[in-house]
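The structures considered in this document are given below.
Here subunit A shows up in two complexes: once beside subunit B, once beside subunit C.
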Partner chain A sequence: MSKSVGRNAGVLTIVMLGILIVGQGHSSLYATAITVGLYALLGVPLGLIYGCGGVLSLAQAAFAAIGGYASALLFSHYHLPPEATLLPAIIVPALFAYVVSRPILRLPEMSMALATLALGLLVEVVFSSSGGLTGGYEGVTGLPPIPIVGNSRVGVLLLVWSAVIICVYCYDAFRTSARGRALIAIHVDRLLAESVGIPVARELSLLFAITAGISGFVGWLYAHYLGYIGPGSLNVHLSANLLFMVVVGGRKYSLGPVLGAAFFVFAGDWLPGSAQAHGMVFGALIVLVLLLVPEGLLSLVQSRFRWKRVASRPIPQSSQLSPEQSL
Partner chain B sequence: MKIAARDLAVRFGGITALDGVDFELNRGEIVGLIGPNGAGKTTLFNCITGVVAPNAGSVVVDGADISNHRFDLRVHLGISRTFQTPRVNAHGTVLEAVMLGFNPIVKKPLFGSFFGSRSVRKAEADMESRAHNLISELGITTDPTKRAGDLSLGALRLVEVARALAAGPHYLLLDEPAAGIDENDQGVLANVIRKAAKDGIGVLIVEHNVPFVADLCGRLIALVQGRIAASGEPSGVLSDPHFVRAYLGDSNAG
Partner chain C sequence: MLQVVEFAANGLALGAIYALVSMAITVIWATSDVLDISSGAQATFAGVVAAAAGMPWGPVAGVVAGILTGATIAGVFQMFHLRGALKDPVPIILSTFAVLIMIESAILTVVGPEGVKLTVVAGVVEVGGAIILISSLVAVACATASLVVVALLLRFTPIGLNMRASAISEKSARLVGIAVRQTQTFAFVLGGVLVGIAGVVAAMLVGLSYSSPFSLTLAGLGGALLFGRKTPQAAFLGGMLIGLAETLGQAYLPSGWSAGTSSLVILLVLATSRNAAIAFSGARP
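Entry: the complex of A and B
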């Protein structure tokens, strides 16, 4: 079990090196890979809380926006450099998520999605309508570049992808730890989780806050990579797309969201036609993937290599009870 | 050192599930809880473990009033339980199902869990070997790497007992552990329960299999319609006319 923990992170490291080499000839590949990396960095933590923990969040982009704005506003109002705003950009959305999580995470999956959606919309409205404080619809421009790597695309690529690789490693390590089993137990059956002493609400809030903190980091990267952040940059639309990426790539695998992000970005680049037609083709593509491989694209690869031995007998009735049924 | 419940009352809408129940379970003793369907046996379990908040009454464990403690906190005070209908992650392995039981006693540092620290990996290996021991102690012969969802009901019950024992409880509450398991496994189960009691664990067993509990328990409590109809030595309880009439029907009352 523990030997394979680093495997996925290793695969991703090789992919990153491959991109670095191939991209030397085609510099646009670097820009694309950075976008994929940023999406993956939002998607992998979401994959953990959704795929393992059943927390369906449509607020991840909003947390990123909070992080990005925290940094942008500290710069524009107090002239703090990005080095100094990194920590606030992570901690502010994490704290915010922790505070709002208790009532939200108690809800069933669908209501949770709606509640986090509302949260995302709220954050968007606050940023766009706060006038002079946040720059309103125009947002904040002229932000300094990311420290150390500066404006070097290779540098940003390395930074973003290293972060993704670390996230994937942490996902795999966590998943095979006692805490990871606890998270899966919470998802399967909260009463079962409580019966072995897992403080369900606290555990979910904590993990939710951690994903928000990572999202905040992505917002910080985004703002200083582009030198700009506005209310439309990291919006609810992106939150929904992130969920697509996680599900299409494979929500039960650490690499699923990474594959989903790549699929999303490359399909967007290669599909012909207008933006509108684009959206329709894309929607159809997602439906097709979900119908043909409900566990996500990565399940095609995984099933070939790993799950061959697992019997596919249906689960007996006794073990899939709803919490209400006979305790 | 004991669990003492005083004057417990539970109502679900119009139904009175428990009605003024006093109850004690000492460490090291085996007590059987019997009674017809709907008598309130599982509800009593739920009150003691904190799944259901009683409308009245208190639960005291080792001298501390835990009436307002949440379910997950009571496990940390040494109260482990199984469920009448086994609850497992059907997609996980048998080994993982048992390892889940170690949760209250294993350290789970947040950053160590994410970064796979040496102490976390060591604890993991340690738990794995102890889970293997528990599995063999309970005579679970299925391959531990098998999917828990593929097990028979009987095997699932034993997995639940193993999971409950993993936490190292002071009190073990088993809800119909022998239902649906074959005689050979019942024998293994009885031995495990006796050994647990000898190790100082207080065991409370809900069972419809009367010979099984009568043989195992030093004391029986008969619950009828949310009230204690009889309690004491098994032979006394089983011949108590009030209880016999309620449990076995009038024809056997003679």
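Entry: the complex of A and C
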């Protein structure tokens, strides 16, 4: 396994500790960091399947909603505590994703995006229209807090960011593993990957289901952190925003979605004018970033470091060159 | 029976709006390989401008607004081209999504959460006992006339032939001396005209608000996909059918379920079509 696997997770651990220290004086930072963490937790798996596997999914928020609703409905109808609903919240969206993945994941990139977008909207319609079961447009309220951490913001922050760190570590470890390389091969040439014995459909379906399961976990966290879930909470606009986060941050980097999530949340907080008008500035900002840095903001950092490394490398003297290099 | 006829008439009128958006999406995609997610937002903007201008100049102002937004998207497309960032289609498509967000926000800021409506023609006609709104007939007539004009333009005019050549093979078109970039810019502007008309018709028929863009885009995409998005005629037919299905769904399905019609159509077509492997893959018609 590459030595660099734990480096990104280490960077995030330092960031988390920094937030914990700085947040002592600015308590609103905790709430912002929790939001960033939840988005990052949805964005990192999306970054993996899109950046490495070319699976462009716009249904991540829908899977999170399925997880959140699974937990909320088990609580409201059967009075199960959050500890007992955690597993169903992960398994139900994962199974759902596995079942629907076969006909969807054979499609080319843009068709896949459209199909997952349509799937996300259908899930939203089902939740908002099944009034008796799901609470309709009003959703489900009065959900109990997350077990152990309860309503403590520091506790929730630690839980969410620990999950992000584990996710980023797994992302890096997976990418450098044989299965990760198989996923990249599938992205580069699906037919060639099949010809060398990679079970393309199974690999993609499995990964799609795992990312849906992680989304379901985020849905569970979201529902019990806020004590509420409704059809508008984790909607298709969030799915689109997640894709923005991944692309703006850098879809080829494990930290890209985290940076993208931070960019989104902080830009929303710092933009001038009313909240209604934010979309205008925000949209323009996204177009500019996509236009100027199509590989994502993190590519700027990487290219700068690469430039520094090249600049600091000593120029070899002609006497030090091998005969081949001299020629 | 009369009720079904009335529902069908309303559905075709709604379908006329979707058909116009579908045609715009198809024309732009076929010529430039860009899936313009902002089409619904452009139509909404045009409709809002038309409603603000009122009669008699509202429809003209709406179409001009559509042309301006189409030209803006064309400008963004050209900038992506200049930076050589068109190899991956995702950033440019996400940019059109960002434009949708910008337009939604602009409408919410300027107009507010309430919708706007343009009154062009009022009254009804009775056809065999069924009561049909005159505005519905106007909507279908506008969409049909637009289809005929676009089909004739593509078939008989030099710019139409250039568009078709660019759609078949951009490289070959460039080799025979066609100014492909200008042709693609024209396609965006033509799309702007179509969504401009769609916006005016929508403002007249159903009214528009800041929340309209996404549903219009989705219905337009569904219409463009339904019959293979190869020609404007196929897109027209697809849009009409989506409108019809949505209206009948509103009439006969439980409340709220008809909102999923476009999504269901998109999902079913993509998941079951034999041609799904080439859908939006870059293989142009």
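Just so it is clear, the second predicted complex is superposed on the first by the 303 of 327 C-alpha atoms of A that agree within 3 Å, B and C clash if a C-alpha of one lies under 4 Å from a C-alpha of the other, contacts with A are read in each partner's own complex, and residues count from 1 in each chain.
Note that in this section a contact is a pair of C-beta atoms (placed from the backbone, for glycine too) under 8 Å apart; a residue touches a chain by one contact, two chains touch by 3 or more.
The shown structure was predicted, so the numbers you read here are calculated from the model rather than taken from an experiment.
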Practice task
Using the superposition on chain A described above, determine whether A:A173 touches subunit B (first), subunit C (second), both, or neither.
Solution key: first
Practice task
Could you look at A:L206 and tell me whether it touches subunit B, subunit C, both or neither (first, second, both, neither)?
Solution key: first
Problem - Touching partner for A:G142 - first (subunit B), second (subunit C), both, neither - result: neither
Exercise for the section: Check whether A:G25 is in contact with subunit B, with subunit C, with both or with neither, and answer first, second, both or neither. Expected result: neither
Completion exercise
In the complex, the residues of subunit B that touch subunit A are 42, 45-46, 49, 51, 70-73, 75-76, 80-81, 83-92, 96, 99-104, 106, 108, 110, 112-116, 120-121, 123-125, 127, 147-153, 156, 163, 167, 175
Handout entry: subunit B contact footprint on subunit A (complex, rising order)
Key = 1-2, 5, 169-170, 173-174, 176-182, 184-185, 188-189, 191-200, 206, 310-311, 313, 315-316, 318-321, 325-327
Handout entry: Complex contact set, residues of subunit A against subunit C
Key = 56, 103-104, 106-111, 114-115, 117-119, 121-122, 125-126, 128-129, 236-237, 240, 243-244, 247, 274, 276-280, 282-284, 286-287, 290-292, 294
Exercise for the section: Give every residue of subunit C touching subunit A within the complex, in rising order. Expected result: 35, 76, 79-80, 83, 85, 88-95, 97-102, 104-106, 108-109, 214, 218, 221, 225, 254-257, 259-260, 262-264, 266-267, 270-272, 276-282
